[in-house]
Amino acid sequence: MGNEAKLLETFQKRINAGEKIEPRDWMPERYRRQLIRMMSQHAHSEIVGMLPEGNWITRAPNLRRKMALLAKVQDEAGHGLYLYSATETLGVDRYQLIQDLLEGRAKYSNIFNYPTLTWADVGVIGWFVDGAAIVNQTMLAKTSYGPYARAMIRICKEEAFHKRQGYEICVTLARGTPEQRRMLQDAINRWWWPTLMMFGPPDDQSPNSAELLRWKVKRKTNDELRQHFINITVPQVLALGMTIPDPELRYDEKTGNWLIGPIDWDEFWRVIRGHGPCNRERLRARRKAHEEGAWVREAVQAYARKRQQRAAQPVAAISQE
Amino acid sequence: MNLETLDTAIRPALFEYLLRLGDDALILGHRLSEWCGHGPYLEEDIALANLALDCLGHAEALLTLAGQVEGEGRTADDLAFLRDAYEFRNAQMVELPRGDFAFTIVRQFLFATYACLLYEALQQSVFEPLAGIAAKALKEMRYHLRHSREWIRCLGDGTEESHRRTQNALDELWMYTGELFEVDDTLQTLTQAHIAPDMTALYSAWNAQVMTTLQEATLTVPENPPYMATGGRRGHHTEHLGYLLAEMQFLQRAYPGAKW
Amino acid sequence: MENGLRLWEVFVQSRTGKPHEHVGSVRASHAEMALQHARDVYARRGPVVSIWVVPTEAIYATQPGDEGPFFDPADTKPYRHPLFYKVPHGVKNI
């Protein structure tokens, strides 16, 4: 125990000095478990997040939009993979993590349980949801766990185009026909509040925050990140001549913050616990892809085994002579 | 020969030919894009999206050129999103639903083998803009071939189930291969003008390459197929194309003239 | 583990003359597939001129506890560094 306390002290000193923790370093079991939880949730969110936008790849209105959207959704698969890959450095198996997701034991971001109804949703997701993700991920690029930080740096670089892609769609709609403007306003109305919930529960109800901040896994609180997002996004909405669905929204001269009305946290917890509009559909789609892929994964492994055996055969033949 | 020096008499045939090439790429790219988010595992999901993006890129280049050759001011988007099924010139093979992973891989392999040979030959086309597109597309199609060839070996020579699925896919797809090598007046005109290659030579190379890989993959080609599908190049398609277009063209059709 | 494809570490070279850098990992049944997956996952945005894939279990590495014995002795050998040696003022190209 004395030894453990000493290790813990050295660990905290390294964190305080801004050092990165690498996979083989000693770390408190709880640090490891918190990272696995956070990183795998993050990975699951990327993978489930492919579905709502993926719906629109086959319906994108022109070739440029189609290719951009496909490349974006593909990036999400890539980012999920980077994150699973980083999580695996903590000694867990990707297939176990995926199993946890498919069997409903793992969480993922609330936002992907809402439906994409119109093309404007694709624009607003890129703008709001990726915008919110970038705020969060920019912080995580400085996280104390080396593989997580490296994955986030890579992801941040690649995601630079996602938000612009979304905003460009919205600008085009805002400058378009009255129908297109209505479509855009409707999407903003539906996505605004769920996007704000993405940052997680308020600080006084966030049980993990203090520990994660002490270990520099996170560097800012949920409310700080949320406020930053609101401050940069409100002017962007207004610039398009659109409105925000919050009668209490006001600018506070003193702090320079845009202040919002109350967030419906009951909705957040309902969605997180599996009862959002699309939770069942999303998991069903993931499960279907996984099950339909089972024979493929078995086939490549069978093939690899056969090849290995064949490569070994000539040697055996020689030794028999 | 380029757009300026192009003989007026040959324009209609060349336009028609570019639609065939462009529509093949567009419709195949669309089918491949349907896999995004539904692949057998994450790495392969990403791979399939790459293939789709390549094809859509080729489609954009080829249809843009088609519009320029036609000379009526139609863009690649006009051609992709505002023609009806009977005006599409793709081979029927590429419009068939994506099926299971074996079906997608077999189609990809048969098509990529053909496309590599075709683009290789088209690099020599006297119509320079087409030779340029072919040179660029060839690089990407070579990767498609490497990818699908490795997969077809894995699936054909993997488990009993994967072998059965892959053989079924091959049996189903084989009757759609004939169309890739059909020669009609349009093609003859272009072959004589050294714009398009001789399809007979292409076919024997294709056949030899396909047979070699299929043999490695322990797969067999249906003997004496009773019927080879035809019609795509004249706008006669399977029922599947209509549904595909209904989905793909929905926004352009529902909001005529809107910018996106 | 059911469907557990092998884990491979991926190293990418962005230009000839530069070292291969570790970028992450992929899951694949065998080497050619691992290479293709690495290409699709880690070389989507160039520039990449070369990729290595290595089975993760083939990597033999130092342990954090090795830090002292493995790396500290390097600190005490200043004669490996050029500034250890004195050169008279005005002499160039040494």
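Per-chain numbering from 1; labels A, B and C assigned in written order.
Assume contacts are C-beta pairs under 8 Å (C-beta built on N, C-alpha and C of every residue); 3 or more make two chains touch, one makes a residue touch a chain.
Model, not experiment: these values are computed from the prediction.
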Checklist outcome for this item: With centres defined as the mean of Cα atoms, the chain at greatest distance from subunit B is chain C
Checklist entry - Based on Cα centres, what is the most central chain? => result A
Checklist entry - Where the CA atoms of subunit A average out and where those of subunit C average out, how many Å apart are those spots? => result 28
Item to check | Inter-chain centre distance, subunit A versus subunit B - centres from mean C-alpha coordinates, in Å | outcome: 35
Checklist outcome for this item: Separation of the C-alpha centres, subunit B versus subunit C, in whole Å, is 40
Checklist outcome for this item: subunit A residues touching 2+ other chains are 74, 78, 81, 294, 297-298, 300-301, 303
Item to check | Sites on subunit B at which at least two other chains make contact | outcome: 41-44, 46, 50, 154
Item to check | Numbers and ranges of subunit C residues touching at least 2 other chains | outcome: 3, 5, 26-29, 33, 41, 44
Checklist outcome for this item: subunit A partner, complex, touching residues on subunit C are 1-5, 7, 23-30, 33, 41, 44-45, 61, 63-64
Item to check | For the subunit A and subunit C complex, residues of the former touching the latter | outcome: 22, 24-26, 74-75, 78, 81-82, 85-86, 88, 93-96, 151, 154, 158, 294, 297-298, 300-301, 303-304, 307
Checklist entry - In their complex, what parts of subunit B are in touch with subunit C? => result 41-44, 46-47, 50, 143, 146-147, 150, 154
Next on the checklist: Which stretch or stretches of subunit B touch subunit A in the complex?
Outcome noted: 30, 33-34, 36-46, 49-50, 52-53, 56-57, 59-60, 76-77, 80-81, 100-101, 153-155, 157-159, 161-162, 165, 247-248, 250-252, 255, 258-260
Item to check | Of all residues in subunit A, those that touch subunit B in their complex | outcome: 47, 50-51, 54, 57-67, 70-71, 73-74, 77-78, 80-81, 84, 119, 169, 172, 175-177, 179-180, 285, 288-289, 292-303, 306
